[in-house]
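Structures for review follow.
After this come two complexes, each holding subunit A, first together with subunit B and then together with subunit C.
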Partner chain A sequence: MNRTRPTSRTDAKLLFQLAPSTLYLLVFFAIPGFVLLLYSFWQKKGFSIERVFTLKNYLTVLTTDLYIRVTLNSLIIGLSAALLAVIISYPLAYGLRFKLRRYQSTLLLLIFVSVVGSYLARIYAWKSILGQKGLINQILLYAGLVQEPLSFLLFNRFAVIITLTNLFVPFAFLPIFSAFQNLNFDVVQAARDLGAGPFQVFYRITLPLTLPGVLAGFMYTFIFATSDFVVTSLMGGVSGLMVSKVIADQFGIAFNWPLGSALAFVFILTLASGYLFLVGLSRWLNIRGAGA
Partner chain B sequence: MMTFPSKRKASISGNLKRLLSGLPLIEALCILAILFIYLPILVLITFSFNDASIGIFPLQGFTLKWYLALVTDTRFLETTRNSLYVAAVTTVVSCVLGIAAAFGIAYHKFRLKKILARFYISPFFLPGQLLGIALLSFFAFLQIRLSLFTVMLSHIVISIPFFYLILSARLQGIDRSIEEAARDLGANNFQAFWRITLPMIRPSIVGSAIIVFATSMDNFIVSFFTIGADSTLPILIWSMLRRGVSPSVNAVSTILLVVTFTAAVAVNRFVDVKLQLV
Partner chain C sequence: MEEFSVKIEAVTKRFVEIVAVQHFTLDVKRGEFISLLGPSGCGKTTLLRIIAGLETSDQGRIVIEGEDMTGQTPEKRPVNMVFQRYALFPHMNVFNNIAFSQVLKKRPRQEIQAKVSEMLALVDLDGYQNRNVNELSGGQSQRVALARSLINQPKVLLLDEPLGALDLLIRKQMQLELKRIQRHLNTTFIYVTHDQEEAMILSNRIVLMNKGEIVQVGKPEDLYRLPETVFAAHFIGETNLLEGNVTRINAKGMEVEVGGLRIKTRLHPKVKVGMQVWLSIRPEKIDLAADQPDDPPNRVNHRNDLPAIVKTRTFLGSSMNYEARLGNQRLMNLVTSAEAVSYQPRDKVRISWAKEDTVVLID
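Then we have the complex of A and B:
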């Protein structure tokens, strides 16, 4: 085709279209990442930062019990939240695709609006739900299920997982729903015509075909939930303490940016290995899916 | 559809299966999921009208005083203006950059295309906190004073991928031969774009712009690290929450939710925005 043959004119056009965003993201995304990496090899001296190469920060991160524990805690919390979000989203996506067609656009709109509105206030609302004088305790007391309000609902790992799940369900839902939308209904129909029952259709057709969406949703939720520092700061307590809070503190009150950067990079590497593990798992599952 | 009645169908598991498929189980799960998503939102809306200064149950009675308190609060008005300013500039700049990039990638073939396409969406997958501290170190390294301007620069980084993603998906779906036909009929490049291509991608642009605007208004995490002494609405809300003054926060959030919801409904009604994610 004429259009795609490289000429100086299309080259100029291409440069005009791609150069601005490429430059912008290089300057304000790639280079800042590199600067952060530099900081992780520098050293805090009093209230200033000494620009001398050192591996001390990484050694501190890898040998301090607390940092390893909070990183593991972050992973446990992130995985739990991602799993819960997927478990909640899957029937929702299934229902919107096959059962509630009439209300599909309204419900999609509701889910969409919840993503872009009031992040902080929603976290705070969970305090009013889980607190000593919160919604759940009031309901339990009213129903006579407990005599005393439960105090273990807030300021722990459980509270963090529930709140993160709530915040990121839409992030799990959207890719799953997108997979359901791309699901060719003829295939389902064909399986039925060939005598497959509803459970067989689900296990052998619907589930394998929507699994990529499930994995994508799981990964988004996992990445965002694991790295959220607001929820753990507001309602984490001790058992819900995450590495993201520790990193935020290094850039705030502790004023130890080099240590904070080193923590961040160890955390990124941990996340990346988690991500690669999930990618590997999905490849493996896809092969299994094709073979079954 | 053919079914063969057999003895196996009458077994207990068969009955159980029929019972389960008869129950509106999926529908019930859907309603529960939506309720779960909206539970904190319903709670915060309720508390915004509740006549008590702390967010605990039981409720104390109806009041509008938290809303009235906002109107007279100069800090609230000022930070709202700041947030609107940041969100508006962010939306316009990232719209132009993101859409141009989407056209460049979709309409041309060249080496490094795949790598560049991945580069454009990568900020989308970087957690906000990590981007925040990276930009903080970057600005400190260059000794750039933190302000609303640095917040804006940071918000644009997360918004370019959004426009790029949505527009790339849209451009894949449009038939380029229509544009070509317009050229064959004598339209110049600008006319072909303005009268043919743009109307086809306009719903995606409007939809993305609303989402980017709303996310920028609501962004706390990136702003938190890059704002310095200035303040946006979420930063003000954060400081209010730490001092335990919650009802006004609920009122602010309720207003923002209503505005976002109205905008989303309007877009849904007047232009056909299809959900095109990934």
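Then we have the complex of A and C:
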């Protein structure tokens, strides 16, 4: 009995320490989530909501072309932005670890500033870069490469992907950077010493050891980018329309909370399966890397 | 066949304003176990990394087995390195760690399997091949690191304080293992350590270093018996150091005045009358005897024999340590057998040691 006492006291202490975050999750995620789940099984009637259980909303979501299309569009846009963010971050983190150590703190500061800096300001900045009178068109006109400003730069999927990538690239960079920070340089040198050339060191040592960071960064960017609705609203146009915007409109303009909730839940389930797939993939890669 | 395994020729390496290795020249014989010994920061690791090709030198040449390797990339050199903190590949199990160099060489699967088994037996880790490397103790990790290097059959094995992170007990055990493995394979070992005792136990020769330069090279017993500098006498083993002036030199020895006492010493080729020198007398070379005032001391010509007072006495199991104060207030450390007649603090005694055991040092 004596031996269990300190343990249970530590448990109680742990519970006490965890209480604020548990409360936070409960109030801001679990309870609203539960309310939305209820709504998704109710029905809109005129301007009121009928509290009778129905699967009609889910049926509508799964059979309406538009909803399937915007959901897929969100996934495509999210995946592209996450992929781009990782492709940009990886060489940068690699360079900072192995070649440019002394610029590390400067770059981290810049990233920090960009994360805490205004989100809307950066969206408008991209809007003005890509717009009719924007930077790109000015340069193209000045160089004489085009006669008229290009109008297809803005209000489409491309613009949304570029902007989302820029907004969320820090969330891809930081886990990758931290994976590189944790990479023991002796291990890299040991591989060289044992006969691996620079390329073999990269794909046998550096890449596998930084892959968890890559997957984490990819997941963060993917989740942030797919669920963003400001960028798609401001510069999405038709081809850049994402499900988040459609959900927001159901709650706002259309005042159809039940349908909006059902859409949201279908989307959350889609994301969750994507997430589980990535987790499974990283497990598999780990096992394969460690096994014989 | 080339007599020397490694020739280090006038190698210098600077890091901005620090000179890490200074005009370093050394020939390492084939099959030799040689240690680079020196305080932390004296350039041992840097020199080892230059031999491995993990660091470039500013000047000088590295010749390995008769071939100039200066500027050659690490993967092309017939040497392998064991790192202080193991540096095992964390995403591979024991087998894949050890097999790494052979997989790169695209050896057939069966051959690799056989070689890894042989290596595991050599480092006494049979049955560990499927273990995850994060499940290993420090000693086991270092054995895997050793096997991973040795499977590549390097001409020279470089070891950078490989036992530095281990507990004393495991360190002692690993020292014996290393010695056994080195004798068994007859591979040249260049071993870095800052632990003089470890260097003495393991090495055929010790290269004593300080501030990037060689202080003295020799067999452990020569370095211990005949240090040439104060640094060497101080760094290797315990010693008593006395500062004095040379008053007389003849064919058989010298006389040095230390705070009013005249002490007979060995000869030193570079010392002249009037020079200021240091004397080193090892504690175990000093004899202790009772001081009997009626009985005139038996003054032998080739011994120093001086009155002293015991200050402290420490029992160490197999030996007894004393601190005794000489007439001129100097404290001398000395060691006797635990079975010898023992003296108490404040006892008046005579301490004596041979002229030949008084080593003259210059700075």
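FYI, the second predicted complex is superposed on the first by the 268 of 292 C-alpha atoms of A that agree within 3 Å, B and C clash if a C-alpha of one lies under 4 Å from a C-alpha of the other, contacts with A are read in each partner's own complex, and residues count from 1 in each chain.
Simple rule for what comes next: contacts are C-beta pairs under 8 Å (C-beta built on N, C-alpha and C of every residue); 3 or more make two chains touch, one makes a residue touch a chain.
From a predicted model like this one, the values you see are computed outputs, not experimental measurements.
By the document's definition of touching, neither partner reaches A:150: not subunit B, not subunit C.
Of the two partner chains placed by superposition, only subunit B is touched by A:94; subunit C is not. By the document's definition of touching, both partners, subunit B and subunit C, reach A:192. When the shared chain is aligned, subunit C comes close enough to touch A:200, but subunit B does not. More subunit A residues lie in contact with B than with the other chain of the pair subunit B and subunit C.
Contacts of A:124 after superposition: subunit B is touched, whereas subunit C is not reached. On subunit A, the surface touched by subunit B in one complex and the surface touched by subunit C in the other have residues 192-193, 195, 197 in common.
Remark: subunit A residues 184, 186-187, 189-197, 200, 204-205, 208-209, 286, 289-292 touch subunit C in the complex.
Subunit B makes touch with subunit A in their complex at residues 1-4, 17, 21, 24, 26-27, 29-30, 33-34, 36-41, 43-44, 47, 55-58, 96-98, 100-101, 103-105, 107-110, 116, 119-120, 122-123, 125, 127-131, 133-138, 140-141, 153-154, 156-157, 160, 164, 211, 214-215, 218, 220-221, 225, 234, 237-238, 241, 246, 249-250, 252-253, 256-257, 260-261, 264-265, 268, 275, 277-278.
Across the interface of their complex, subunit A is touched by residues 52, 54, 73-75, 79-81, 83, 85, 87-93, 95-96, 100-101, 104-105, 130, 132, 148-149, 152 of subunit C. Residues of subunit A that touch subunit B in their complex: 3-4, 6, 10, 13-14, 16-18, 20-22, 24-25, 28-33, 35-36, 38-39, 88-89, 91-92, 94-96, 98-100, 105, 107-114, 116-129, 131, 133-135, 137-138, 166, 169-170, 174-175, 177-178, 181, 192-193, 195, 197-199, 216, 220, 223-224, 226-230, 234, 244, 247-248, 251, 257, 260-261, 264, 267-268.
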